[in-house]
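In the part that follows, the structures are each spelled out as structure tokens.
In what follows, subunit A forms one complex with subunit B and a second complex with subunit C.
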Partner chain A sequence: MADTYTQLVNSGLGRNLAKKLNLPQPAVLRRYKPGQPLVIGPVVVLGDTPGADKLAAELLSWDLDVRRHAVPAEKLGAIILVLDGLQHPSDLEKPVLAAAGSLRDLRSGGRIITLSHPSAEASSPETAAARQGVDGFLRSLAKELRSGATGNGVLLADGTTTTSPSALGAVRFLLSGRSAFVDGQFLTVSTEDGALPAEPERPLAGKVAVVTGAARGIGAQIARTLHRDGATLILVDIPAAGDQLATVANEVRGTALQLDITGADAGQRIIDHAAQRHGRLDIVVHNAGITRDKLLANMDHTRWNAVININIAAQLRINEALLASEHFRTSPRIVSVASTSGIAGNRGQTNYAASKGGVMGMVRATAPLLASRGGTINAVAPGFIETEMTARIPFAVREVARRLNSLQQGGRPSDVAETIAFLASDAAGGINGEVLRVCGQNLVGA
Partner chain B sequence: MADTYTQLVNSGLGRNLAKKLNLPQPAVLRRYKPGQPLVIGPVVVLGDTPGADKLAAELLSWDLDVRRHAVPAEKLGAIILVLDGLQHPSDLEKPVLAAAGSLRDLRSGGRIITLSHPSAEASSPETAAARQGVDGFLRSLAKELRSGATGNGVLLADGTTTTSPSALGAVRFLLSGRSAFVDGQFLTVSTEDGALPAEPERPLAGKVAVVTGAARGIGAQIARTLHRDGATLILVDIPAAGDQLATVANEVRGTALQLDITGADAGQRIIDHAAQRHGRLDIVVHNAGITRDKLLANMDHTRWNAVININIAAQLRINEALLASEHFRTSPRIVSVASTSGIAGNRGQTNYAASKGGVMGMVRATAPLLASRGGTINAVAPGFIETEMTARIPFAVREVARRLNSLQQGGRPSDVAETIAFLASDAAGGINGEVLRVCGQNLVGA
Partner chain C sequence: MPIDGQSTPTPGGSVPATVPETRRAVIVGANRIPFARAGGAYAKSSNQDMLTAALDGLIARFGLQEERIGQVAAGAVLKHSRDFNLTREAVLGSALSAETPVYDLQQACATGLETVVGLANKIKLGQIDSGIAGGVDSASDAPVVVSEGLREVILDLHRAKSLPQRLQILGRLRPKDLAPLAPGTAEPRTGLSMGEHQALTTAQWKISREAQDELALNSHHNLAAAYESGFFDDLMTPYRGLTRDANLRADTSLEKLAALKPVFGRNLGADATMTAGNSTPLTDGASTVLLASDDWADARDLPKLASVIDAEAAAVDFVHGKDGLLMAPVFAVPRLLARQNLTLADFDYFEIHEAFAATVLSSLAAWEDDEFGRTRLGLDGAFGIIDRSRLNVNGSSLAAGHPFAATGGRIVGTLAKMLHAKAASTGRPARGLVSVCAAGGQGVVAILESL
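Right, the complex of A and B next:
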């Protein structure tokens, strides 16, 4: 799983060599470890709206070192641009150029975060243009950052503000090492729901969580991360992976549930297992998925159907059972694993991209059903992640694929897991029906 | 402007060499010329819904060679998948595998077109999943096509059908050589407005059109294409480009109007010019735009403001004048030029991407204002287009940039112009507030 090249260019000799040869120089990313500070160095909050004042005050209460104006030559942990008062594209100039002046002072692993309103909610052309301008601006800036720094945006939908619980939750996630591989993305906060955790290091304390496809790879890592964050786990995988599943279950002190998620009774069996052991079910992570790549010209119905059945039809059927259950009623959370292939399409993956596109459509349409019981459903869309599966890709193809993003490296299963843990937490209670890419700002898109 | 590499690999010797070295093999695209057939070879319409039957009947009335099932080994001009009855992801299997069986028979420059409904309009998770699955499927398939064949989709919003005027208009555009560089894209038809042209070779006959930035490059080509399609032209550019502007105006038998579009009275001067010469104004193409690239860390307010003022603020101001004018009231059309940089962001282009993002936000928010007077506003987002501007990019960077799309080549100014001409035509009257990429399915995206 180690990316040998990234290790090499971060050694003294390797760094000089890479510079001379003009090779990619992926940085070692700042990743979350319990006990570490949220962000390293002062946080500058730019913008002259009441929303900027309130956010700065809130960040101060987190014991961060907050500045309302940059101090020349002081190294910074993060630059936050509060752009919640934009009415015309010309309003961008002042905050953008203030940020420009501080960019060179941003530390390795630093963060740029914008807070603005969704363009689609503006009825005035001027305001809509200004808001959509933030999108083009931020995505460009994220491509200019180096040394593991990232740029992301929070979109505040009608009725929410910079200090809405999930706006603060999103800012916290984006500042932290949990979001190391999330780059060039926007996350919409749509309601005032949600709350910052009582125990910041155990945000899932007291929650019962199911993870499908948990025997290995990204699924096993999701289980480890949710366990670290305090959740009680039920791990699901097919009977053929029973031994591996038991090992992971043992590691995270959870229970193993062997079942085929495509079975008609899969949802009911998951609910029954949770109800019997724990009397409740709070979080379901739909991670299980397969690939059966073929060019469409060579596609057969076995390959097509296997991917559609496991990757999307099973999730639809399980969700139906969950939504009908009395045990999944208290702020329930569903997080599905989509893919950048489902957004951009991918050669040889018509079936996989259809299924992962399907996951995204399902998430959007299921969101109102969850909202009506105080819950949420969201998806993560991983880009190139270093797993046993991607380790089997031929060397040259893998080398190109893992560099085709702004961070010039593949992500780790833990990066996907951290994002899922955030979306499953109370801090994300106002985020619903969203797809968040975990892709290092992969070039590909629609 | 010639792409030497594309010429080389389409020579006998070059083709063999490129194959042996596994180099990109861009095809010579099938581009529109007046008098040529709409599509070369039979068109197979797959799908067993009433919408498929009706579309097939309509295509028959265009004198196309229509099949409802593929004939083995018969070379095809296009495969149309009518997917307007999807209710569950499992419904995709049958039409998708039928298309798979015919893919090898698709001719060079062939077309795949899907017709389906927007996922966002589905309230059932199953239906939303199926519809969004079409997106992942089509974008993947477009990446598998070779020899200049393209794949695109038409999305039929609530209240529209496969035979709505603009659905037919979109199918016609996508089948034709006019859409040569449009690939992997979806176009939404939102109303029953629009009509196929009485004279298919002169769809803009009788229309008065303004093109800004018309003295050279893409703007001059837009003028030529609109003229070819029958429009009467008013060409706008800055006084410093007066000589070039006069040359183009002469070529297209239009009038030249020298003005700075950032002037407070620019909109009124355009309207006055059109009213005095022609008594009306039907089409405005906002093409004028500039780049002033710098990393944000080196950005100054002159560069930032020049780009914002010319690329988006001027359009907002001119639109305001247009919408207030009594001369711009009969099915008025506005088409703006955005950019894939405004969608994906681009290193060194925070200002340009903010302005082009702004154009897209403006288009969406202005659409209802145009709709209320029977008009439309849309944008095209060009990818890598071979122009004098891109010819100045260093060779190696240019070579990579122009291959990073499914057609493995840069587009031509005429490709952008053809799409604008389509969006300005009566056939696109039901398409409003959309952004259509003209990028050969460029890899980059959000």
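Right, the complex of A and C next:
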């Protein structure tokens, strides 16, 4: 369900009123449902490099309606700018202005995707300037898009191309309704690892996944999404939440493991359970987390420690056990839930932001350890998500908070879950050590 | 006189001439909801609600969604007439396959243990590969019965054919007929409540107030320690806001228990020793146990904690005062151990249901008594002594509470986990004894062994 205001401005009378009063007009986002097409309408691939040609050919093989030039007045599903040959900022003009001519033809829920190289790897100041220019360009364009359309970029690190498995995986994710609340973000593909799924509707078929904090909210939704994508689930939450955990487990046909993740043996117990019941463990989603908000001047030992212990110390300890385990050796995946609070900061959340900043630091430092065994670790950083927790924020504060992004609405737990499911899939095998924001391009901390 | 001869000797003892080869029945695991005091957290929960919740927690723990279980057996002692298919209704409301057959069982407080024994036997015989045993009781949502006078009038009204007949029948109603009959736990043949019966036995065996209070204290401390160590994390699923047994008093003390006034046997005057502290309170709750053949458990990569070795039921003639109402296990245990060629020294753990602290202590006293051993058990002397450090080590009914039919499942789940852990730490098989007394002078006892 969209929030009440979003419903209102998407009805006849409300739409006119909002327009006249110049009020925000959040769109009902195009979200993924099994069986729906990847994208609705033609996909224009702009750019004249070999990388653009190859990508266009690949998209054709997905049965997409691919165009190399837009036909005026034809409604478009997506515009992909392949910018992998930039050597000078002036090289941007041609593809960018070609895209400009088609922007008004982009459908509701349409997609803009750039593919370019990271500026840090550029060999000359001119190339670096051009590549970094893409960053500013894309983030600004994303803010100009309306009607639930989003703009995101794929960064191709040295050794990868527009048709590297995870570049294709990222393009597929960003085109789809799975990325509805991902906006104004860049995702780096660092290796040739990964593979597109044999069954696109069940990309996690045969995988065994653990989700912590699975009894409710975003965790429960992650469990549902991974289950829908074919994974077998082990659901972890504290014993006191066992009844809700059992309900989720029975819904997704998984097993409930009542466990305090801060316990010294938590990692081993998770591994033992997975090994005994399934003989393997492929995916661990560190979702469990708490908030104990207080201004730092009023912060006490209990509030600070509880947040640090649960939100980051437990993840570190469990990862240590995972990395030592023989059952976590076949392209293992770890996905952690961070927060935009950990990026931009949030008044009253020094403890929470420290823990979530810690998650991002851990992800970057752990990435090489997982890479050595063909695995990945990444994080998602949710912005304002409509949950039981955010529903308790006072109305006015909540109403402002949820409009402070380019999509002018809060995200749903499913938006976070879809991004996690993507990062846990084989299609993201070449994406490692990344933090992907699921925030609708929140205005703070961008 | 042989051991099984409470009345007449049976030549050749109780061991059948030939015992057919059977396969093992293993205990995979268990789940219960925390037990609530009557009128507490589950005051508005029905037996069906609670049994369904206990089942759903078990299903979630072991991933049994949509599984067709060989048979589910459960029951309740206090049962509404509308709950004639209580267990089937609970299964239909659970995540199990709707094609799972069930049966309801009622054997007073031994209901839960008897469902374990019955299903284990079916598994051993190869009739089923899996089973869920369980029990539930609500002392809060107890059936209230109309008076016999009102019941006759209602039934006659159904049969009446004309208005004048109906009016005539209605005219028979008297105000007293409208008063409902509250449920009672009194024994129909003696009119005495269970507590009053036990008070007689307590006096007979001269069980002191101090000994009873000490047993109650241990029960609370042991159960509290079990919670603290996380022992129940994979044996329990919270329900309606309860995460621990509501009756548990971790901070109770001998002084507090000593301050309580006797509630049973008050006609004994100064000899009255049974208080609310050393007797179990009325309780609501439900428990379940997952049983299976080795093959069934292995095919699903399920754990195997213990196996059900053997069981024995007994009953005593309490009506004529020959034995105390709750003393049947005193006869069942020696018969069972003789059949298995075991002595009390062969057991690592004893789980003796604490209907009252004095019930446990009276049983121990009888087993330690030379004359009782000779004259009533047909032994050469006393049956034996139980090592108290092996008795109810993770607490029992005095602390957890006692929702009648749910107690057997609580004990079997707890003991199976303890035996498995003991064997894992010592590298030797561990053996445990379960003993549950029941209304009507009945008792059921069973032996479990670690896997």
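Throughout what follows, the second predicted complex is superposed on the first by the 443 of 446 C-alpha atoms of A that agree within 3 Å, B and C clash if a C-alpha of one lies under 4 Å from a C-alpha of the other, contacts with A are read in each partner's own complex, and residues count from 1 in each chain.
Criterion: a contact is a pair of C-beta atoms (placed from the backbone, for glycine too) under 8 Å apart; a residue touches a chain by one contact, two chains touch by 3 or more.
All values derive from a computational prediction rather than experimental measurement.
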Practice problem: Classify the contacts of A:Asn16 with the two partner chains as first (subunit B alone), second (subunit C alone), both, or neither. | Solution: neither
Exercise. Name the chain, either subunit B or subunit C, that contacts more residues of subunit A.
Key: B
Practice problem: Please work out whether A:Thr330 is in contact with subunit B alone, subunit C alone, both, or neither, and reply first, second, both or neither. | Solution: neither
Quiz item: Now for A:Val359: first (subunit B), second (subunit C), both, or neither, which partner does it touch?
Solution: first
Exercise. Name the contact category of A:Gln36: first (subunit B only), second (subunit C only), both, or neither.
Key: neither
Exercise. In the overlay, answer first, second, both or neither for which of subunit B and subunit C A:Gly133 touches.
Key: first
Quiz item: Which subunit A residues come up in both lists, the one for subunit B and the one for subunit C?
Solution: none
Quiz prompt | Parts of subunit A lying in touch with subunit C, wherever the complex brings them together | solution = 235, 239-243, 245-247, 249-250, 253-260, 263, 276-279
Quiz item: Along subunit C, where are the residues that touch subunit A in the complex?
Solution: 53, 56-57, 59-63, 65-66, 95, 230, 232-234, 236-239, 243, 301-303
Quiz item: Contact residues on subunit B for subunit A in the complex?
Solution: 88-90, 92-93, 96-97, 99-100, 103-104, 119-120, 122-144, 184, 295-301, 304-305, 308-309, 312-313, 316, 319, 341-362, 364-366, 368-369, 443-446
